[in-house]
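After this come two complexes, each holding subunit A, first together with subunit B and then together with subunit C.
Here is the complex of A and B:
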């Protein structure tokens, strides 16, 4: 969250709606009470305050099963995007050292990585962001309450401090943005007792050492990726497929790269139990789904990345009749983020069917605040959301996967342009670029409108954003070709792509 | 397949082409001791030059633009030949984009090495071997040369080695090594080369090198002086300084990249100084002298505020690399195009219309030789568009020169597309231009002691706030620009930017969250 690295005062423009809303909501303590001080909740509360609304935000971090706690800012800042990307950066630097030698840098002695140095720097940065959020709320006159919030009725929230003190707040509107937390598996002895989750990994003071990561989500792969990158013996255990929901060809490239990078993969296996040996090591027993055979190995840490669950239990939603999805436990929402109960809204990771991404939560929160303040009627558009997986080889995408495009338009209804390219930065260090790939999934007829765009390679996050803007504007294949490339970059390959998958021709890029 | 036809026999004397050449090379911007040898060898095998070989498409210059045009024409069925006097690939591959970016990558590693300890890596003692890098870089460039060669062979394009010169034949014809070649369509894609000052302008000027010479350096200069304020000067000064050469940059005015948006010009000037480049503003080289301990560069500095004051004269001593990066000029001098009725501008650039037609029917030009948007992808695109027009009957096939994105591989890199704020105000009036800008510390630097800002600006026009310009400098800006340039070319408005959901955590997301 680069925005937090600076202090800005660009909100001062809008003060007009202030007087109007105050008089309408005089009977409540607040115009808006937000439960959850994560990316979405903070964005929503600050935006509302800009329109002159009286706003309070409640945030309370229930310690993880391992006892890890953190400050204001939610998953992204504390146990998600920010520490994840910084540790990913550390891993990239590990690769950079190896490349640097080929680039003529003579480095004496072996290069070692010290977890404590990195973790302390990352944790200090996160703490500075926690502080930054506090300051921003204060600047914007949002009341911050370090309390666990729950619903009493459709206009009343109960706040509970750590010491057990209760506070009752009334509000015209209530917004729930409590996000989610990592799940532990059930029925695996020792899982909770000896296992970590992504809530803990970024706050460890000591290196996790040899680590087993269980799961195949982007969280699992990102964590395994940076652990490998800083030199730890890392194994990923996958039950079925990696990066479910993402384009599976791309997912394969991501994991192939990781495998070549040194991450070990144990596929089609499920853990059975975790035991602590007298040596302190964790012995994990797992079984092969196909053969049923059991295997054992010892690890220093076991990281569960088997999915996330919404934080709804303590909110008292059932009493008010807020409708939840029975399977996922998430709140069922309308396009305007309304729940089944008037005056109660929700968005972000807790919303059924919503992408679990910081920027969508921020945007949805801001738009909700604007609508609640009567400033706008614009709804959040959840389509065209680009995302990037920060695995050792980054993967950025926007729009449909090839599978989904095929499902919707038929195999004959889509044309896929693709290319295997070699980043110039890979040439001198003689790095294998077999997984550097891009594909543009287009409608086959008409203007060849782009349905999905996928890119693996260095800086995929930075490459993808601009293309997602083009995608938002309705870009077609010819729009890509009409744009002059930037030479020599990786991103330019997207404006040069010309081999169709259908043709079966070699898609390897040669020359400039 | 090629088809050749003997047109006519001419008792043409076998003149040594190298004699007709000026001291500097003509059609490509590299120097090589083997060039003349190669020419002599090929001449020796062609004792008489009496036949004119005819093609559908004859391309003079085997650089990015020429090769792209030739290959596309060949794909479309035209019998094609490419004339190149030196290595295939032209400026980009041999003395431009490619080796430059390899050097930039090496310099980026230097920056990372300083950040490693902040990220927990114990990398204390490191030194840089220019020799290792140069041999790897040269090997890669040779590899590309071979790829180009193979691509031409695969496409059944004839490669003619040597310098081309238009003859006085009534039909446009060129002569290479005494042999004559003609085609109904001849493309001039001879590119350009770095300019140097003459001895009369600056005594000792020829003791310096240019960007071409930079790629021949066998060791890292200890003390470098770069003259110029354009992107080549900025890039080379950045690379040398970051790799550990004590580097001075001599500029005539107070900032670098003066035709870029003022935000970029100002910020880049600041970043150069932050990186440790010793910047000499308002200065010009007066003379250069060779001493036992290297070059002695004498400079005159004039404070523009104090017009009446005399120039301050100072010298930089023990310089082992003086590099002129004061501009580039087109390679047209040996072509004899004047007699062909091909018009050029006052700087010698070939004047072309929007379809790359020169003033002489049947002769076209693309790329740096035309002096417009001196960029590899521009030349490639223009060459291909021309081929489609000539050999596929696509009458309207031409390159749109608007919104061409450009990256400068400075430290940190610069990305820019479309109009600068100054240009937009000039063309549309201040009241119709709205600027959005931001600056921040990229997250990468959140935990490093070395810091560098990222600055960004959107130039918007009119009520609909159409984005007509995007400018940025910061970590990752090189890879950020391409996608935005697609959208800007499509006519994206600020509202479209706002509608786009951010990718978190990146720097590029700042463009879609600007307020």
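Here is the complex of A and C:
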């Protein structure tokens, strides 16, 4: 009797094993389906394919309110980092040309800028990147679908083409990396009909002309910066503070420089309405927050840079119970990029509490792919990420702002070394360097661990990248003192910094 | 089977003329080293790629143009000042490109039939 029971149980176990195997192999079309072909989505899908996973990526660009659309690659490639940096470079060259005369270059008359030439060159480069990504996906055997993806259930994704044709894909795991899009203000008549956003500015065939940039984010300041630099009459309208979340002393230096170099600032004001005049120009009415008085001016273009919203509306997340942050609308994530639904993951700009940066999205995407393929357990480290704001005077930083360091360690718990310096290249053309500055925020005791490093100056991104390695390794002020500078550079001033804010002494660097 | 026009040209001037005569059309161009009297090119990659490219031509869009351009002899090609390199910015042969766009396949990329098909069929 006992033997019979044992045999029956063994048979049950064998049957279960077969059922389990059947459900793991051949049940799903793909091992991984990624919705979103931007910095994160592409990195994740290509990495997964390297591990032999069957991967599909869906990318679709809903045209902007003005009708602008673009190819594969996401925000960074098409309407972010890449065109921004190229136009920033165009503007810097304008300043360089002005300096050139002092260096002996014989330039006959005033040098003017042609928007169409710059735009075509930038747009062509972006298109070559779209193509490059397309070839890479094909080469790495990632299935690419130019379709708008949405979730049907935990293992099913629906893809919709522009023409409305539907495709259904099943997947073991689903990754959402749809990023964000610029917000339009909701309560300003004429905002949507007449205004542009960063989705449009880089794809204009004709110059935007006299432009009002509304907003004080890095998007607003970077755009206003290059528009001014190429010679356009540019005004920035700020409601409260500039570069919220960044070190405010540094933010002030950035905007001071922009003002000195020709960008107009209208502070503590909010736009009320935008109307189109018979001339075709746009009339903007705004009110002063303090006095309530109203003002008007005409512009050729109005650029809204008032924040970005996550692309979650059309995904069908609520149907599946994927938890979103009520305030931001972004997807709530675990440290391993998991959502509230077991096999659905998300990362990049769409993730709550995540930096909105390409390098973090790429790295997080690759690590996620490695974990999903069972090749690693390593989680993404979002700490110590260096960034740079590419305003006319660039601002690079890594670590904590002075305010945040004070909040965490107390004013008495930190020591700030700082210096105003003058780039050598500014001397000959007699350029004003009043806002070229750096500060190193350190713990006060012991080896004085560096908590934050801030630098405004030319090539701030290049300078900060090198120091961010030291930061990642736990550099201290002692390490900095032991580091010999490269001469003559701006970066070397970071290795020489020795005046503390606490001392109250003049922090201007004297000649070498 | 889509109807496309195939044009054969030799050298840069003929190429430019063929393009300007077909303004407004979708033009694909395939650049190869010159073929000798026996029909064999001095460029071994071109010899390898040609049947692969031709194998995908049935996917060419309706009304498009396929220009088969022989660039010249090996010595001419090797000179970096030749117009194909200087003006058209070609870096190697064979090159398959969609004229007027940054879309191109260079050298070994032309050996991959799926990439060739992708170029002919996608936007």
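FYI, the second predicted complex is superposed on the first by the 487 of 512 C-alpha atoms of A that agree within 3 Å, B and C clash if a C-alpha of one lies under 4 Å from a C-alpha of the other, contacts with A are read in each partner's own complex, and residues count from 1 in each chain.
The rule we apply is simple: a contact is a pair of C-beta atoms (placed from the backbone, for glycine too) under 8 Å apart; a residue touches a chain by one contact, two chains touch by 3 or more.
Source: prediction; values computed, not measured.
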Partner chain in contact with A:134 - subunit B first, subunit C second, else both or neither: second
Which superposed partner A:472 touches (first subunit B, second subunit C, both, neither): first
Per-residue contact with subunit A, leading partner among subunit C and subunit B: B
Partner chain(s) touched by A:406 [first = subunit B, second = subunit C, both, neither]: neither
Partner chain(s) touched by A:336 [first = subunit B, second = subunit C, both, neither]: neither
First, second, both or neither for A:124, with subunit B first and subunit C second: both
Set of subunit A residues, in rising order, touched by both subunit B and subunit C: 124-125
Residues on subunit C engaged by subunit A in the complex (per definition of touch): 101-105, 109, 112, 114-115, 118, 122
Touch list for subunit A against partner subunit B, complex: 1-3, 5-6, 10, 76, 81-82, 85-86, 89-90, 93-94, 96-97, 99-100, 102-109, 111-119, 121-122, 124-125, 230, 357-360, 362-363, 381, 384-388, 396, 424-425, 427-428, 458-459, 461-470, 472-475, 479-480, 482-492, 494-495, 510-512
Subunit A contact footprint on subunit B (complex, rising order): 64, 89, 92-93, 97-98, 101-102, 105-106, 109-110, 112-113, 115-133, 136-137, 140, 144, 147-148, 151, 375-378, 380-381, 399-400, 403-407, 415, 439-444, 446-447, 454, 476, 478-487, 489-492, 496-497, 499-513, 515
Residues of subunit A touching subunit C in the complex: 124-125, 127-128, 131, 134-135, 138-139
